Amino acid sequence: MLTLLFDGIAYGMLLFVLAVGLAVTMGLMNFINLAHGAFAMAGGYATVLLMQHFDLPFLATLPLAFLITAAAGALMERTLYRPMYAKPHLDQVLFSIGLVFMAVAAVDYLLGSQQQFVKLPAFLQGRLDFEAVGIGKYRLFIVVVCALLALALQWVLARTRFGSRLRAAVDDPRVASGLGINVNRVFLLTFAVGSGLAGLGGALGAEVLGLDPTFPLKFMIYFLIVVAVGGTSSVTGPLVAALLLGIADVAGKYYAPKIGAFIVYALMIAILLWRPQGLFVRKGAR
Amino acid sequence: MSTPLRPGAATPAAVPPAGAADRSAGIDVRQALRRDARWRWWEIALLAALAASWFGLPGHALLGNEIAILALFALSLDLILGYAGIVSLGHAAFFGVGAYGAALFAKHVLPDPLVGLVVAMAAAALLGLLTSPLILRGTDLTRLMVTLGVAAVLYELANRFDQITGGADGLQGVVIGPLPGGLEFDLAGRVAWGYSLAVLVLALLLCRRLVHSPFGTGLQALRDNRLRASALGLNVNARLVAVYAIAAALAGAAGALLAQTTGFASLDVLDFHRSADVMLVVVIGGAGWLWGGVLGAIAFKLLHDLIASWTPQYWTFWLGLFLVVLMLVGRERLLRPWTWWRRAP
Amino acid sequence: MSTFQDRRAPARRRLLAAATLLSALPLLGAAPAALAQQSDPIKIGLILPMTGPFASTGRQIDAAVKLYLAQHGDTVAGRKVQVLLKDDASVADTTRRLAQELVVNDKVAVLAGFGLTPLALATAPISTQSKTPMVVMAAATSSITQASPYVVRSSMTLPQVTIGVAEWAPKNGIKKVVTLVSDYGPGIDAEKAFKERFELNGGKVVEQVRVPLRNPDFAPFLQRVRDAGAEALFVFVPSGVGAALMKQFAERGLDKAGIRLLGTGDVTDDDILNDMGDVALGVVTSFHYSAAHKSAANQQFVDAFQKANKFRPNFMAVGGYDGMRLIMEGLKATKGAGGVALLDAMKGQTFESPRGPVFIDAQTRDIVQDVYIRKVERQNGQLWNVEFETLKGVKDPGKAGMK
Amino acid sequence: MNAVTQPLLETRGLVRRFGGLVATSDVSLTVMPGARHALIGPNGAGKTTLINLLTGVLEPTQGQILLKGDDITALAAHRRVGRGLVRTFQINQLFNQLTPLQSLALAVSQRRGQGARWWQPLGRDAAVARRVEELLHEYRLADVMHQRTAQLPYGKRRLLEIALAIAGEPRVLLLDEPAAGVPEGERQEIFDSLARLPADVAVLLIEHDMDLVFNFATRVTVLVSGAVYAEGGVDEIANDPRVKAVYLGQGHG
């Protein structure tokens, strides 16, 4: 069932963009940031509000969503997150979940608890039908955008100066700073970009995943699965994990609606039993 | 003022002047060690307060009952989190199994609460044993995810087999028999509260013995340094499995208490927020400290009720704020080096 | 000694302990206080999900209750009526505990609210035990009224509203249908009711899909529907979820494929209908209330409601509004007495609700009302559920079947 | 009686590879009862790897390890300890949250098979208590027995490190650079404690500090890049030009 496969891929791609930031920041700062979903939500709401109040076209709002959340991310990193890096994981988990609670309640208060909607431009609605296979235009759009992002990320990490610095910092912050790399700046940038990507993902996903104040809680677990399964040391890891998750989820719901979610979790446990460090890890992870 | 409080070592008398090792021959090690396990006045006071609350606050039996149950649940998490250093975001799994176990047992087999309690604990302990291999390997993140996954799987199963569990509508028609002495669970919930308190106190006493025993010390040892623990000849994995099962049983007891005192069980007992809440409770009260669970539970519930009654819609915001500030400011209780959280040195 | 106790500054521990004990004190005071004054005002315990995924339900009902009291005054037999609003965050055992507290401590005359079936079911035993009437303002599983002889329902039951569309569809040349419902009490009710009535009228349900209550993505389920090749899809999902489903329905191209979307009114919930956009246009639903219902009573209700709140009233609101009416009228009849007297006073009430004529069946304690077939249309720039057919005085078939 | 003739600890053709790198290549070693056996070699000679193989922290790629004649190659680390094969660590491995008192009481209880008891307080057993007391005095820890290990001065922690091993009543004791990082002032305490080790215990000592080695050991094995390079009495080794070349030549300490 190709359509199904395609949906799975689209869903997975979306999850990838949403979660990759989390993976990188976690790998880089060894910081478990459950509040990642809050940035995704921020991006989603940014798009919705921009469209509603400034009636910008959907496409125009996407980069804005990225920038806004990235800025927010940078700000938070500076003010709130940095002091937490040194703390134990448990503290980080609770700190970030505290942030999630605040974000959820605040959005609820400001914008109400109801679902928000993105009015897609006409050319993204409906679907293309190649004889057996039907493909939603918007999902195609998602796949394309996310694929491009994935390539871009890979390129940045592998080719650019920043990428090499980043990888150095991931390997060993102390050594990196010894090499005269400004680790703090790398952290800041990475966090900002990661949050930005989440925001972009949220904007793209609002249509498919739905958008309401409980978004960060609803999808936190999915993000964590992607990161835990994919490992935090590469871009490919989370990508594969996200695709796997997406396809498994979609297929599970199609063929066994009642236990769809069950399949996802079972799969995760199985993989983590087989590879406690995740699918793709350099040795000597935490 | 704080001297009577500060036990043992802190009082000058207890520490022989440095270098006086040989003259201090005849230090009674048993006494010295016993000091760790000694009851302190505030512990007695807290126990008394718990008892007093039952007589003093008849109007709040239901809240009290929930607090007692949450405290027991937190105690069980603290045992693995604070003492053995196992992080879990899926502790609700055991709570839920206990709840459904007790409810189903009462519905289909025997309405007697005490037997039901034991059955539920056994069921939860069994699950603990079965899932313990999952928490022996991997990183903290892995452990978080796996425990979380187990709870989620159980949730889905309970939802799937709704003809047994009642699915999303909850398990109806659970009737619980009277406690020994013909004590029926009354509408005001005082009997229920007494029942839960009694179980809680028993569990506290048990855990207290546990953590001061060689076994308990061993747990703290392997939390601090697994490598050395096994170099002392401790079978680390066996210890972890054992404590995980014990904690599971206690969580199961908490679940059973909930099901029995409300005569009802719903998917909610397996929900993620249970696991998250109990984690918060332990941290608010202080991990690695038996009373942390109790105080945490009281603080958490009262906080919730206070804020919620003031602004029902947005209380989570204040809870979040509280957490963020707490973590940013930090507390000596939390700043304790958790070597098991860190990269191996 | 130096286990953990020792290393934590005892001062802090003492403080924490003291604080906890202190914070208990006000409760101590509160308890007698509550008993002292419980005689004068008449208390109504209103338990709603004000937080969590179903917060909008609570929002709507709360607003409606306030509106009713504002319009009709909050005194009965010279006594003030005091509504105690509690948030259960749609957690069943919390609902139950709150109900218990309201009954035991606050001595409420009646319990009301109950956003979802499990919440109502969990509480039913309390109302039975304490002989406190319980007005269900939202939860819609048929069986709730049987859970306790003290339950009165002012909302609707799913079979009741479902049969509307199940009657309509076959008459309009729709013979092959797939059903898609949320996998919990109401959903299963709807599925059952639809199948029965629809096939009774010569239709055929070719496939039945149940989706988990909370799930991110409808795509795979809708794909199933598409592959089943039916003429129409019948849907029940709790309000709020419907929107996402409808969008994906269009995005799957099911509409292009000529598949009609049928459903209960939950799917085209007035609360969010406007934001759904054109995908909602032409969706046919059957329901007991539409904000667009043509009647003076409704006009006035909707205007007042929208004046007081920034959102449109939906069926939840009307459920709360009528529920409040039941209670207030009942209390008037009983001179403010609660318990069985109030229950009896609520049974058999007949009145003109914003939704149309309704009456509380004395046997089933369930609401009997008109059910309307509506189509989503755009009128002066807004989307509305426009009613174009009416089934008069529909009882809950769920119960009709049983008795 | 054959305990005299039979080696207490023996390795046969022990090999350990990390990927391409060979950390231990074909090491065959015998440690006799009551031996004072030193294992020396330049940094990266694979000394610690060997210890890890012996104690079961690592699994050998090839070869056998025998304790009192029986094969323990596949035995879990904690079981080897039960059989009297005990080690200390080059880098302190202690229980930061516990006190020396608790740590030792735990170690002793564990040794006496009471480690898993949960129903009675730590150190209730009189024999255990007595042994703990002895250790506290012997290793000069009595005065700090109530302080958290994390807060002890380094020298004391080093002593505790050794005391914990001794508490395991070893038949074979593997000392991994016991004096490592100990300031001059405090070294003496370590040396004394080593001198006091029961005579029947076989000791395998890894050390850079040649004074310590030559004071303490009777037999020396030189390890170079994972393989046994030379073995013999202290004097032989001390005067062996090849050893001087590869090892002493580099200077030590």
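As written, the chain order gives the labels A, B, C and D, with residue 1 at the start of each chain.
The rule is simple: a contact is a pair of C-beta atoms (placed from the backbone, for glycine too) under 8 Å apart; a residue touches a chain by one contact, two chains touch by 3 or more.
In this text, all values refer to a predicted model and were calculated from it rather than measured experimentally.
Asker: Name the chain with the Cα centroid closest to the overall protein Cα centroid.
Answerer: B
Asker: Return the chain whose centre of C-alpha atoms lies at maximal distance from the corresponding centre of chain B.
Answerer: Taking each chain's C-alpha mean as its centre, the farthest from chain B is D.
Asker: Any idea whether A-B or A-C has more C-beta pairs in contact?
Answerer: A-B
Asker: Where the centres are mean C-alpha positions, what is the separation of chain C from chain D, in Å?
Answerer: Averaging C-alpha atoms per chain gives centres 72 Å apart.
Asker: How many angstrom lie between the CA centroids of chain A and chain B, rounded to a whole number?
Answerer: Here the centre of chain B sits 33 Å away from the centre of chain A.
Asker: What whole-Å value do you get for the distance between chain A and chain C if each is reduced to the mean of its CA atoms?
Answerer: The separation of the two C-alpha centroids amounts to 35 Å.
Asker: Calculate how many whole Å lie between the centre of chain A and the centre of chain D, each centre taken as the average of the chain's C-alpha atoms.
Answerer: Going by mean C-alpha positions, chain A sits 49 Å from chain D.
Asker: Residue numbers in chain A touching 2 or more other chains?
Answerer: Each of 108, 258, 261 in chain A touches at least two other chains.
Asker: So which bits of chain B are touching at least two other chains?
Answerer: In chain B, 8-9, 32, 36, 159, 212, 220, 288, 313-316, 336 touch at least two other chains.
Asker: Return the residues of chain C touching two or more other chains; collapse runs of consecutive numbers into ranges.
Answerer: 1-4, 7, 51, 55, 183, 212
Asker: What residues of chain D sit close enough to touch chain B in their complex?
Answerer: On the chain D side, the touching residues are 55, 57, 76-79, 81-82, 86-87, 89, 91, 93-99, 101-103, 105-107, 109-111, 114-124, 126, 129-130, 132-133, 136-137, 140-147, 150, 164-165, 167-168.
Asker: Please give the residue numbers of chain B that touch chain D in the complex, ascending.
Answerer: Counting only chain B, the residues touching chain D are 8-9, 14-22, 24-25, 27-30, 32-34, 36-37, 209-210, 212-218, 220-221, 223-225, 227-236, 239, 242, 288, 336-337, 339, 345.
Asker: Hey, which residues of chain B end up touching chain C in the complex?
Answerer: On the chain B side, the touching residues are 2, 5-10, 32, 35-36, 38, 40, 42, 45-46, 49, 53, 56-63, 66, 82, 159, 162, 167-170, 172, 187-189, 211-212, 220, 258, 262-264, 266, 268-269, 285-286, 288-289, 291, 295, 298-299, 302, 308, 312-316, 331-333, 336.
Asker: What part of chain A is in contact with chain C in the complex they form?
Answerer: 1, 3-4, 7, 11, 108, 112-117, 119, 125-127, 129, 134, 136, 138-139, 207-210, 212, 214, 218-219, 222, 249-254, 257-258, 260-261
Asker: Within their complex, state which residues of chain C touch chain B.
Answerer: 1-14, 16-17, 19-21, 23-24, 27-28, 30-31, 34-35, 50-51, 55, 85-87, 91-93, 96-97, 100-101, 103-105, 117-118, 121-122, 125-126, 129-130, 141, 147, 183-185, 212-213
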